[in-house]
Amino acid sequence: MTTYKRNDGRKLDETRPIKMKVGVLKHADGSALVSIGKTVALAAVYGPRELNPRHMQESDRAILQCNYTMAPFSTKERVRPGPSRRSTEISKVTREALEPALFLKDFPKTTIDLYIVILQANAGTRTAGINAASLALADAGIQMRDLVTSIAAGKIEGHYVIDLNGEEEELTDCDLPIAYMPREKKFTLIQMDGKITKEDMKNVIKLAVKGCETLYEHQRKALLEKWSKEGFE
Amino acid sequence: MNIQTSYIISHLSKGMRLDGRKPDEHRKIEIEIGPIEQAEGSARVKLGGTEVIAGVKLEVKEPFSDTPNEGVLMVNTELSPVASPEFELGPPRETAIELARIVDRGIRESHCINTEKLCIKVGEKVWMVMVDIQPLSHEGNLIDASGIAAIAALMTAKMVKYDEAGDKVIYEKTDESVPLDDIPVPVTFGIIDGKLIVDPTLEEEESMDGRLTITTNEAGDVCAMQKGGACSLTFELIEQAAEMSIKKGKEIRELIRQSL
Amino acid sequence: MTTYKRNDGRKLDETRPIKMKVGVLKHADGSALVSIGKTVALAAVYGPRELNPRHMQESDRAILQCNYTMAPFSTKERVRPGPSRRSTEISKVTREALEPALFLKDFPKTTIDLYIVILQANAGTRTAGINAASLALADAGIQMRDLVTSIAAGKIEGHYVIDLNGEEEELTDCDLPIAYMPREKKFTLIQMDGKITKEDMKNVIKLAVKGCETLYEHQRKALLEKWSKEGFE
Amino acid sequence: MNIQTSYIISHLSKGMRLDGRKPDEHRKIEIEIGPIEQAEGSARVKLGGTEVIAGVKLEVKEPFSDTPNEGVLMVNTELSPVASPEFELGPPRETAIELARIVDRGIRESHCINTEKLCIKVGEKVWMVMVDIQPLSHEGNLIDASGIAAIAALMTAKMVKYDEAGDKVIYEKTDESVPLDDIPVPVTFGIIDGKLIVDPTLEEEESMDGRLTITTNEAGDVCAMQKGGACSLTFELIEQAAEMSIKKGKEIRELIRQSL
Amino acid sequence: MTTYKRNDGRKLDETRPIKMKVGVLKHADGSALVSIGKTVALAAVYGPRELNPRHMQESDRAILQCNYTMAPFSTKERVRPGPSRRSTEISKVTREALEPALFLKDFPKTTIDLYIVILQANAGTRTAGINAASLALADAGIQMRDLVTSIAAGKIEGHYVIDLNGEEEELTDCDLPIAYMPREKKFTLIQMDGKITKEDMKNVIKLAVKGCETLYEHQRKALLEKWSKEGFE
Amino acid sequence: MNIQTSYIISHLSKGMRLDGRKPDEHRKIEIEIGPIEQAEGSARVKLGGTEVIAGVKLEVKEPFSDTPNEGVLMVNTELSPVASPEFELGPPRETAIELARIVDRGIRESHCINTEKLCIKVGEKVWMVMVDIQPLSHEGNLIDASGIAAIAALMTAKMVKYDEAGDKVIYEKTDESVPLDDIPVPVTFGIIDGKLIVDPTLEEEESMDGRLTITTNEAGDVCAMQKGGACSLTFELIEQAAEMSIKKGKEIRELIRQSL
């Protein structure tokens, strides 16, 4: 396992450089900017706030609305503005990755609106988006069972590798993104593209969990930073 | 928790389901090959009371610039109100799009379609394989019904002719099959009370916390996974689902083969 | 008139093989599957049911809403999903072909929703759709003045022919679909494409009426079959 | 039945209409040729208080693959609120689409346009003839007004030039006419109380049970028919309408000719 | 300045032939047809009338809604039906050119709906549309601070020229349309495309103002004509 | 008139603004070049609390038929809810379209982009320069922030490669810059109580009667103007704005240069 050289010199279980910052947007109730390697995700949260039109309200809980968008300049080929099939699916799985961490029953008839914009894309945009969204929810002061962390892992030339970058995405036997609540030890997103054995799959998931634990530390640090700052102000 | 959900959970704690099935048991699967003559390939699949038709059409298109010598697959689903009073007219929404993409990903990632054989002229003309799924009755687990119908339709699809001079497709079926090397099969599990139930019915869908779909191929490899719904799940549950999906996938693959 | 050989061996006034079945969909209030030759139409009826939004309600009668769609795989060239100008027009003339048979005043403020899906198309999709729709309405237990039957006729090489198939559509001097209530002896749909004399037109219509009478028998049989089955169950 | 309807019916039983016309009488028809200089051809038609402009534009397109040597006709209508407070902004709805398709069908099925003469290069470039209809005032029977305006605009339309090297249209009118061999004319009947009234007004449209449009050509052949509205009609009524449409069509054709 | 020959023989400060007529549409509350050279604009006004849906109402004033459209046959290359970015912007600046002349506070909760259709286009469609709209508002009996007049000016080969025609638009250094209330001496629309000095800009604007004064006379005459006619009827 | 507006006006009568600026003073302008590596060029601009990112992407397209040897510029703005609770998802509306078109017009009309150098093959292939603007925080005067970000992004944008054989763009930046000859800068004035205030804040925007944007270039020429809002203005005010826009434009141009 030690023989494989990753194209950017990383160790097999090493994520790309991570930067996380919360409270980056003035107008949102919560926000966060997350960069993982060259992938940059911005998340904004509004709410819980009254949901209109009323017929969309749920009498016994809040609804979470989630929109994932790529900035047109975020990729090599320009992304055409407007929803695509891909972005619609990612918005859905992102929402479903975050819902398990929220106490939606605490806010009947309201909506929590979550907007994710990918400013720069180099693999792992949905996972970066989920990390940012989770931080933004915490930043908005919305109580959560656990932070949701998210990362992908894969298998290249027989080696399990974490946090694929753009070129690795072309080489990997599988691309397996997860979202994970580290304290709860529960998965809230699982997707996979590829073709691997069941054993491989389990190992890839285990590696991704390890990555999530790393991300968790970054997330906590980012929140702490903000809270400690606020303390001073 | 509503009464139906409690009822389902209490049954499940005894290893039983409301319709008498065991947790790892599919409803009766019926596969009819070729119901749509006009399509290059088609299949109608009944999964208990759930019913879908998949039809394969071929078109000639320019290839994507990063794969100039490869044909293209597209899976599309329209959730017509004929199949359920809950479905509405209009462009596909979240549910329809996710359904199509799960089926699409299972087929695409298994690499069962030999896309290079679908190249007509490198960088200029390739075949586009369009699989359209039309649900006729939704009583739960549209994903598996659609996935089975899609692969069965593809397995029996015939190539048509391309008139290069006139730059048009002549819609006459040839003897040549659409080039296919594998049979990916999705198996969907409902997750309820921390347990897995294979092939959930509509009432189980209404009560369950979420679902997990795992697509496996002939060799028993995993080609695609997708969790759906606002639930969380443990590693053990995923492991268990993977085991089962391989086993159930094999059974269904056999059924598909017999139906040809 | 006896000299013309139809490409599928049919007599001039002979329809293609007809199959009709009602109650084919579990979730609709009424449904029917009709195949005429290689053309297959499925119809589903929901209602009468409350119409929302309220401002669309008619205070003194039900409205009939009708949607005609072709399955993408129903034709040689794939049909792009979504409404087209053609499907919008057919939805309209279909609705207007059925309305005269209904007692809409009996159900103020409600809607009857009718969905027609053409599963396979080989000429005569609008007429097959109307036949299926009429059966689906009856299957839903909605009272009707008369069943609405529908078929096209044309003129090929000097001969009047009924129920054109796909190849005949290319050859005919005219394509004249009608919808007809046989007991009422009234037309509820008339369209024509082509170029023929007034006399020809009358003869073509008369032949189409004859076809409608045949279809009427099939429709009655299909309804009877369902009702007799239900009796046994 | 509301008062206006009873009133119309009682008049009609005496062979009279509210505006003094006989059942088989059109309102005054005024045809102005060429009001839109920028268009390849145009006509403004007044039918009593109803007024429409039709404009013909030419574009160069790829032909359809099943008719590689034929030009293409397209008729389009936008029901702008300028013509009636009942019309709304937005993409064409049912009424506008049906209107355009009735006019389109009458022209197309009469084969009055010699589409083969509109071929520039077989399988590659053909002329597309776009007829756009803009109603200015809707006081009933937009179909006939639009149909008359469309054919009058076509009859006076001039070809423009195609610059093959630069693959673009040079919008300079030539002396050559758009190739036209016939003059199809739609005649629309209101159906009320089992009777036919030609060229219904807006108030008649509000009271009538339905309508029947029959398009006839120079030779007195029938080229297109369309029933509209939630009415049923007898064979005799159809027969009667066919007779009348030939007669009225001839009169209108004469009017169009005189206006050129 | 006298040396430059305009392609249509006009003097530098001479507009193209102007025709204005009000009350041209029977169904609108107010309407006008304006042609300036080969550019023809039709405007229709409905209202003030109740605004639905209610949540769009302004409790203390009327809203003005404005839609600018080009007829598909109005230009050399056919205009595709439906809104474009250009038409959306023109609708907005047209609305904002007219609002300063209206007393919207007099009609709370209502809407004034303004529809402009360009029947023929040969430069200056937005300005022709504004002239027509202003007349249509007056024709609808809606009180105005002043008539709004509108015209463009430019600079060709060193000469300031008014009311550019289609070919001049290709030649000019700038295209500067204004809308102007002559009695108020106030501008309600200013746009410019081009590249000119500040001094040029001022001179071009001054010339455009002169043109607006000419248009004002035409507008008044058109209204007078209508009113005098009505007096006789 | 609400309290905020009176307050702003009373301050202004003393030549003061709520945030302490003078009427002709911009908020602090910060320009960061190249925040988006994937883009051919990019810039992030802060104008006080207003913040936008502009990114330049290149594509290869067919030229317009009337300019067969010229590349094409397109400016697009999406007003994402991340920047303001007032922005909504969906296709760009009036405000977003006007914003993009004002920025577009300033760049286009200054002719700062040498579009002829963007021609690859006359009449067949030209570069299309797409400038997308993504506001991150809206605290007033998005126009100037966007205009500055757009030109800064263009000034630092690098050409990528076009693979003619494969008819595709290779997204590797070259040393060659996007051909740019000038630096147009928009300056926006709020109009309130008959006075001009440069670079209005969000609260000033809510109170002001309208705005005037004037784009000037290096030479001090005026390239584009646009009045917005339901106000009217005098000739003197326009004159005054023109003077100021040249002066402020020069200052901002200097700031942009320093940031490169």
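Per-chain numbering from 1; labels A, B, C, D, E and F assigned in written order.
Just so it is clear, a contact is a pair of C-beta atoms (placed from the backbone, for glycine too) under 8 Å apart; a residue touches a chain by one contact, two chains touch by 3 or more.
Bear in mind the structure is a predicted one, so any value in this text is a computation, not a measurement.
Engineer: Touching both chain B and chain E, which chains are there?
Structural biologist: D, F
Engineer: Write down the chain pair with more C-beta contact pairs when A-B is set against D-F.
Structural biologist: Of the two interfaces, A-B and D-F, more C-beta pairs touch across A-B.
Engineer: Farthest from chain E in C-alpha centre terms, which chain would that be?
Structural biologist: B
Engineer: What is the chain whose Cα centre is as far as it gets from that of chain C?
Structural biologist: In terms of C-alpha centroids, the chain at the greatest distance from chain C is F.
Engineer: Could you check which of C-D, A-F or A-B has the same interface as D-E, with more than half of the contact pairs identical by residue number?
Structural biologist: That interface is repeated by A-F.
Engineer: Compute the distance, rounded to whole Å, between the mean C-alpha positions of chain B and chain D.
Structural biologist: Measuring from centre to centre gives 48 Å for this pair.
Engineer: Roughly how many whole angstrom separate the Cα centroids of chain E and chain F?
Structural biologist: Centre-to-centre distance between chain E and chain F: 27 Å.
Engineer: Cα centroid separation between chain B and chain C, in whole Å?
Structural biologist: Using C-alpha averages as centres, the distance is 32 Å.
Engineer: Considering chain E alone, which of its residues make contact with at least two other chains?
Structural biologist: none
Engineer: Quick check: what residues of chain D touch more than one other chain, meaning two or more?
Structural biologist: Only 92 qualify.
Engineer: Chain contact graph: line, ring, star, complete or other?
Structural biologist: Shape of the chain contacts: other, as it matches none of the listed patterns.
Engineer: Determine which chains touch and list them pairwise.
Structural biologist: A-B, A-F, B-C, B-D, B-F, C-D, D-E, D-F, E-F
Engineer: State the interface residues of chain E toward chain F in the complex, per the touch definition above.
Structural biologist: 85-86, 88-89, 91-93, 95-96, 99-100, 176, 181, 184-198, 201-202, 205-206, 209
Engineer: Any idea which chain D residues touch chain F in the complex?
Structural biologist: The contact residues of chain D facing chain F are 166-168.
Engineer: Which bits of chain F are touching chain D when the two form their complex?
Structural biologist: Residues 65-66, 68, 123 of chain F touch chain D in their complex.
Engineer: Mind pulling up the chain A residues that touch chain F in the complex?
Structural biologist: On the chain A side, the touching residues are 25-28, 31, 38, 42-44, 46, 67, 69, 71-78, 81-82, 113, 115, 117, 119-122.
Engineer: Give the list of chain B residues in touch with chain C in this complex.
Structural biologist: 35-39, 42, 49, 53, 55-57, 59, 76, 78, 80-85, 89, 91-92, 130, 132, 134, 136-139, 169, 171
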